[in-house]
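I've put the structures underneath this note.
Next come two complexes, and both contain subunit A; in the first it sits with subunit B, in the second with subunit C.
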Partner chain A sequence: MSARAPSRTDALLAAADDELILGWRDSEWTGIAPSLEEDVAFSSIAQNEIGHARALYELAARETGGDADALAFDRRPADYCCCPLVELRRLDWADTIARHWLYETADAVRIEALAASDWPELAGLARKIQREEAYHRLHADMWVDRLAGGEERARLGGALESTWLYALGVLDGQLRERFRERVAARLPWFEAAGEPGVEHTRGTHTAELEPLWDEMTMVRRSVPGAQW
Partner chain B sequence: MVTAEQVWAALAEVPDPEIPVISLVDLGVVRDVAVDGDRVTIEFTPTFLGCPALDAMRVRMDEAVRSLGGDPDVRVVLDDSWSTDRITPAGRAKLREAGFAPPAPREAGEPTLVQLQTGAFRCPYCGSSDTHLENLFGPTPCRSIRYCDACKQPFEQFKTI
Partner chain C sequence: MIWEVFRQEREGAAFAHAGSLEAADEAFARAYAHELYGRRNESRALWLVPRAEVRTVDEFVDEFERNYRRVDGYSLKSRLREARERAGTQPD
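Then we have the complex of A and B:
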């Protein structure tokens, strides 16, 4: 075991779990998104998020002497560190776009902080993730611009409102306030106020995590130790 | 006894699993080759972290070193030392010939929508810059889809990263 402060691995695992679970949620649009372009986009974004999770788990595993696959799949749902935002099952496209945009905006704030880490491997990995995430943000921005113009704004606004407190629960302290400022600057018509409750904040899980976990780990649990 | 030059030459023959017209050396993903006796250590960086070709690349580099009689140790480096600017001029030419528009040079900042939505990207078939963005995402993480309004042909644009 390393002498490094455990909080560093905690931050790493929180980011990894967010990316894994959101990647899973994004992949649920594969085959059924409203257009072929979005089918491709969400599938590709899902693939990237899971790639980021894998790299973050590998770094965490090196730190703790564990195994990346075990971190990803062998913990109980309660032991994951993901935030409630990524667990939500969004079946409506407006809700999906609202979550996508809010998450990418919050994630950008987090990745910038990780890229400034004095742990060189983490900073280097965060910089690589940052370059890939730039495309996710462009995609999310494009959608928000498209929906913010006309009568769609009311629908997007409703979706943002129902997702907003969960989005605040992704980050805490200074990072949360930085995120809030960016949302306010980008969407002046949206009231970026309020404080998340315990149910919105990292540390608790929604009822939607367990069915996801059950499906995600089913194959691995069915043949323990199998090599793929 | 294997030499580093032989290893580089062998890796220059290893095709990218997803875009086989270009080799791993053309792609610039091989960061370093170090030879110590029979031991050959290769450092390489994936293009995208979620690239499913990662394991296939590792296996093919392993095989290339073994075919020279070396003992391979392929190390994946997960940092930002690779960018699309590392694709060699020969690699860019091969991409264009195969119908993939090579990536625009990476500027100081991140790509912007304004940039991607301008006609600064040339069609690999007819050379026209009268092209538009169809989808930021494509068949693999490293590609976007554009459409040429001059020759009416969709094409794949390597993302700048």
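Then we have the complex of A and C:
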């Protein structure tokens, strides 16, 4: 992307890229989730996230030109606007649940803000996404409640701790503080303190994005312009 | 814990057994049923029943072959044909 002034598509692309990359990461559990039921549920959530990304890209493409696929697959890794949290490769289920729950909690705050946008198409799309995200939050909440209520709490706590600063990097300003309050309200035993560093905050990328991008865009790059 | 899932396709339709799932508690059962039996908009509502709450009746003694109680114990086809012949009508 060329350098330009901040536009109303920036927040849109940030949300779209988050959903695409997290959808990709979550789909890495397909086939190996802790149970068959969880496998279907988590894969379905991953698919939903990618569906949200597509709808957001389509709206963004109406502003910037091009199409949703070009936005999703034709940019260089450095041009994506996703936050470091969604890029992390999480191969442990407790880590995945910690990230999933923190992301859904932050995403709820963001979607509420987008639903109040004075851009009517974006507000309408945000409300549609909200209705589906309600199930993701339900799923994330039930896992966190279950793990927090038993002897697994220490393991969940460790996972939350290693993910927490990245989670703070999803949002900024008022929205970040609103997110922090929700975490504290739901998990009073977790110390929701601290400030994210540059490496945790949107605007930088982790080393884990590039291999993901490589895999994600491989087919697209192999036959440029192919129709599927 | 095993849960039996019943699925309603349309408003007013009878719930039919859809399958079962394993879930740690009711919250998990609800979430999993939602995804396993509802993510394609194929259900209007689901019933979740813990398998332990299902009572089974599976003894059906029929020592005296009371076949008149069964639909196949009474042949309607030949009687219908005879009646039609008497009335001089043919089936549509």
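Definition applied: the second predicted complex is superposed on the first by the 222 of 228 C-alpha atoms of A that agree within 3 Å, B and C clash if a C-alpha of one lies under 4 Å from a C-alpha of the other, contacts with A are read in each partner's own complex, and residues count from 1 in each chain.
Quick note on the criterion: a contact is a pair of C-beta atoms (placed from the backbone, for glycine too) under 8 Å apart; a residue touches a chain by one contact, two chains touch by 3 or more.
The structure displayed is predicted, hence computed values, not measured ones.
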| item | value |
| --- | --- |
| Partners on subunit A (subunit B, subunit C) - clash or fit | clash |
| Touched partner set for A:Arg146, first subunit B, second subunit C, both or neither | second |
| Partner chain(s) touched by A:Gly124 [first = subunit B, second = subunit C, both, neither] | first |
| Partner chain(s) touched by A:Arg221 [first = subunit B, second = subunit C, both, neither] | neither |
| Subunit A: partner with more touched residues, subunit B or subunit C | B |
| Contacts of A:Ala41 with subunit B and subunit C, given as first, second, both or neither | both |
| Touched partner set for A:Arg62, first subunit B, second subunit C, both or neither | neither |
| First, second, both or neither for A:Tyr135, with subunit B first and subunit C second | both |
| Touched partner set for A:Arg89, first subunit B, second subunit C, both or neither | neither |
| Contact residues common to both interfaces of subunit A (with subunit B and with subunit C) | 37, 40-41, 44, 135, 138-139, 142 |
| In the complex with subunit B, residue positions of subunit A that touch it | 37, 40-41, 43-45, 47-52, 54-55, 58-59, 121, 124-125, 127-132, 134-135, 138-139, 141-142 |
| Partner subunit A, residues of subunit B touching it in the complex | 48-52, 78-81, 83, 110-113, 116, 134-141, 145, 159, 161 |
| List of subunit C residues in touch with subunit A within their complex | 21-25, 27-28, 30-32, 34-36, 39 |
| Subunit A - residues contacting subunit C, complex | 35-38, 40-41, 44, 135, 138-139, 142, 145-146 |
